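Look for chain A in each of the two complexes below; its partner is chain B in the first and chain C in the second.
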Partner chain A sequence: MPATYENIATTTLGSAAATITFSSINSGYTDLRLVLTGTNATLDATLRMQFNSDTGTNYSITELYGDGTTATTTRSSNQTRIQCGFNTLSTTVPSLVIVDLFSYSGSTYKTCLITTSQDRNGSGNVYRTVGLYRSTSAINSILLFPTSGTFAIGTIATLYGILRA
Partner chain B sequence: MLTSLIGIIASSGGAAGSGAYESIASATGTGSSGTITFSSIPSTYTSLQIRYQMFTSVAGNALRIRFNGDTGTNYTQHYLYGDGSTVTAGGLTSQSFIAAGSNANGPSSTSPVVGIIDIHDYSSTTRNKTLRDFSGVDQNGAGDANLNSGLWMSTAAITSIECYTGSSNWTTSTVFALYGIKGA
Partner chain C sequence: MPVTYQLIASNVLSSSAASVTFSAIPATYTDLVVRWSARDSTDAGSFATIYLQFNTNTGLGQTVYSYTRIRGTGSAASSAFDANFYRGDSSLYNATASTANTFASGEFYIPSYTASQNKPYSNFNVAETNATLAYILTSAGLYRNTAAIDSATIATTGVSFAAGSSFYLYGISKS
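Now for the complex of A and B:
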């Protein structure tokens, strides 16, 4: 059987950065998986994501999450970006964010599943998010950015490609 | 209705490189069948994973999973999902399938249900089989995020997986892909 799950690109920050971008993404895979673990200069910055430099209101999400006390669900429609969790990034404790993007080069709207995990020894949350990008264009770039501050040194983001038989 | 029987096929355009995550087989919807079956699954992996994007000819239909053609009431499951307004949790016993995908909305004509199913220790001949499913749909105003667990009460090794929808067909934009994950 053919091995798959290939590392397309990895960004390891040697200095603080306001954004992380994966561009010129090869369309030759079936799905993409993006894995980010990192911290931020500003406490409780929320991680956000855009595709193909599209800043229009073409994104929406449905979320299911728990914060150690309560399970909650929310929805946000007609957004200018996909939100990955909330207060995603700490200044000290790395958060883990995994984005699975399905049929990213197909001609249908693009849907992703996002797992956001963070625990800060007394606080934290776990998110499961479904994100929609209402575009039939192939996704060839992904922009990651926090709501405030900058990604800290040592933040790692890796993009994988998964191919089906 | 079983009109699509997918055997194990080799890829002619597979990704190069090595690793423990291998593509076993995949299938796309035909528009005229509501069933996709992976058969003759080798027992050489530790775990299986199914990644799917599904559209149905009738909006809102769900995904159902069966193993080895077993139509008996040998399946149970638990679910937790949120639809943007309410979080719901529950359990089902004596089922003839495991429901996966969207628990509340299902796919629309433009927004697919997507998901990842993991099946661990699938080739055991001494233990029952458990799967987990993380899935969901967003329709820019409706949708749900889902976590499902399912149990197949059988000690038989899983050699086939049937992915079907209740009363409609998989459209041609539907993709089911089966992967094998090797142990050390």
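Now for the complex of A and C:
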């Protein structure tokens, strides 16, 4: 049986870090899946993401989210990064962020589905976000960074490639 | 080349059962995925709730689970949560008053299940009936236990899963 869901790289932080980067991503997969379980070392912060070191206003998102009381939807256009939920990373309770990045090596704009799950035993949010990266270049690097503070020790980020088989 | 999205165990019910447990889960994967399709054989309502528990933290007396969810019925969206609860994510599945032969389905994703930290996880499920009420539900779950997960129990607030309900446990390999 061929491998069709391949671990490209895993980062497990032994010390706090301002960013997590996956670079030199092979273009030999159909899709990518990034799974992050983590906290922030100093304060609650939102997780953000950029591709190919692109800091231009080439990103947009549409979100559906709930905070345990209200369900809402919002949209943000012409952003300099993709935002994965809000206050995604707490200092104490690990959050789960899954990014499915489809046809990342194609020559069309890139769509991703982001599943942000951050229950904190009585508070928290659940976000489901569709992101758009308006670039026709293949994605070969992913940068993850919190809006403030740093990723805490023990944060784990894994990048999987989905193979054609 | 090794298999990297591997079926660890499955249970397709030949007769009704109140719960399904996957035990002795190896610690050799990075993440776990539970996928299911289910219907209640006995509960008199249209929908019942399916939920996931871990390790020995099973039954109604537990308080180590919590969740935050969003849900759509086809006519309204809502959000709810529970803290210090006996179960994690709640997913609705079809019971006897719902359209015959319709089964709900869903997926739980449990990352880093052997890490020595509390365990966040996600849930997505749908219960469609070709009727006026159906559900699409997604949620964040938290299991407050730093021990590695070595068993998973899928249980119900209804009565019992019907024959034909299916449950699959996958491991995503490190290699």
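Convention: the second predicted complex is superposed on the first by the 161 of 165 C-alpha atoms of A that agree within 3 Å, B and C clash if a C-alpha of one lies under 4 Å from a C-alpha of the other, contacts with A are read in each partner's own complex, and residues count from 1 in each chain.
The rule we apply is simple: contacts are C-beta pairs under 8 Å (C-beta built on N, C-alpha and C of every residue); 3 or more make two chains touch, one makes a residue touch a chain.
Only a predicted model underlies this, so the values are computations on that prediction, with no experimental measurement involved.
In the three-chain model built by superposing on chain A, chain B clashes with chain C. Applying the stated contact rule after C-alpha superposition, one finds that A:5 touches each of chain B and chain C. Of the two partner chains placed around the shared chain by superposition, chain B and chain C are both touched by A:115. Contacts of A:103 after superposition: chain B is touched, whereas chain C is not reached. Of the two partner chains placed by superposition, only chain B is touched by A:74; chain C is not. After overlaying the two complexes on the shared chain, residue contacts for A:64 are found with chain B and with chain C alike. Contacts of A:149 after superposition on the shared chain: neither chain B nor chain C is touched. Using the contact criterion defined above for the overlaid structures, shared-chain residue A:128 touches chain B and also reaches chain C.
On chain A, the patch touched by chain B and the patch touched by chain C overlap at residues 1-6, 64-65, 71, 115, 128.
Within the complex formed with chain A, the residues of chain C that make contact are 1-5, 30-31, 66-72, 77-81, 83-84, 109, 111-112, 115, 117-122, 124, 138-142, 144, 172-175. On chain A, the positions that touch chain C within their shared complex are 1-7, 10, 35, 37, 64-71, 93-96, 98, 115-126, 128, 154, 156, 158, 160. Against chain B, in their complex, chain A makes its touches with residues 1-6, 29-31, 60-65, 71-75, 77-78, 100, 102-103, 106-109, 111-113, 115, 128-132, 134, 161-165.
Across the complex, chain A is touched by residues 9-11, 13-26, 51-53, 55, 80-87, 110-116, 134-147, 173, 175, 177-180 of chain B.
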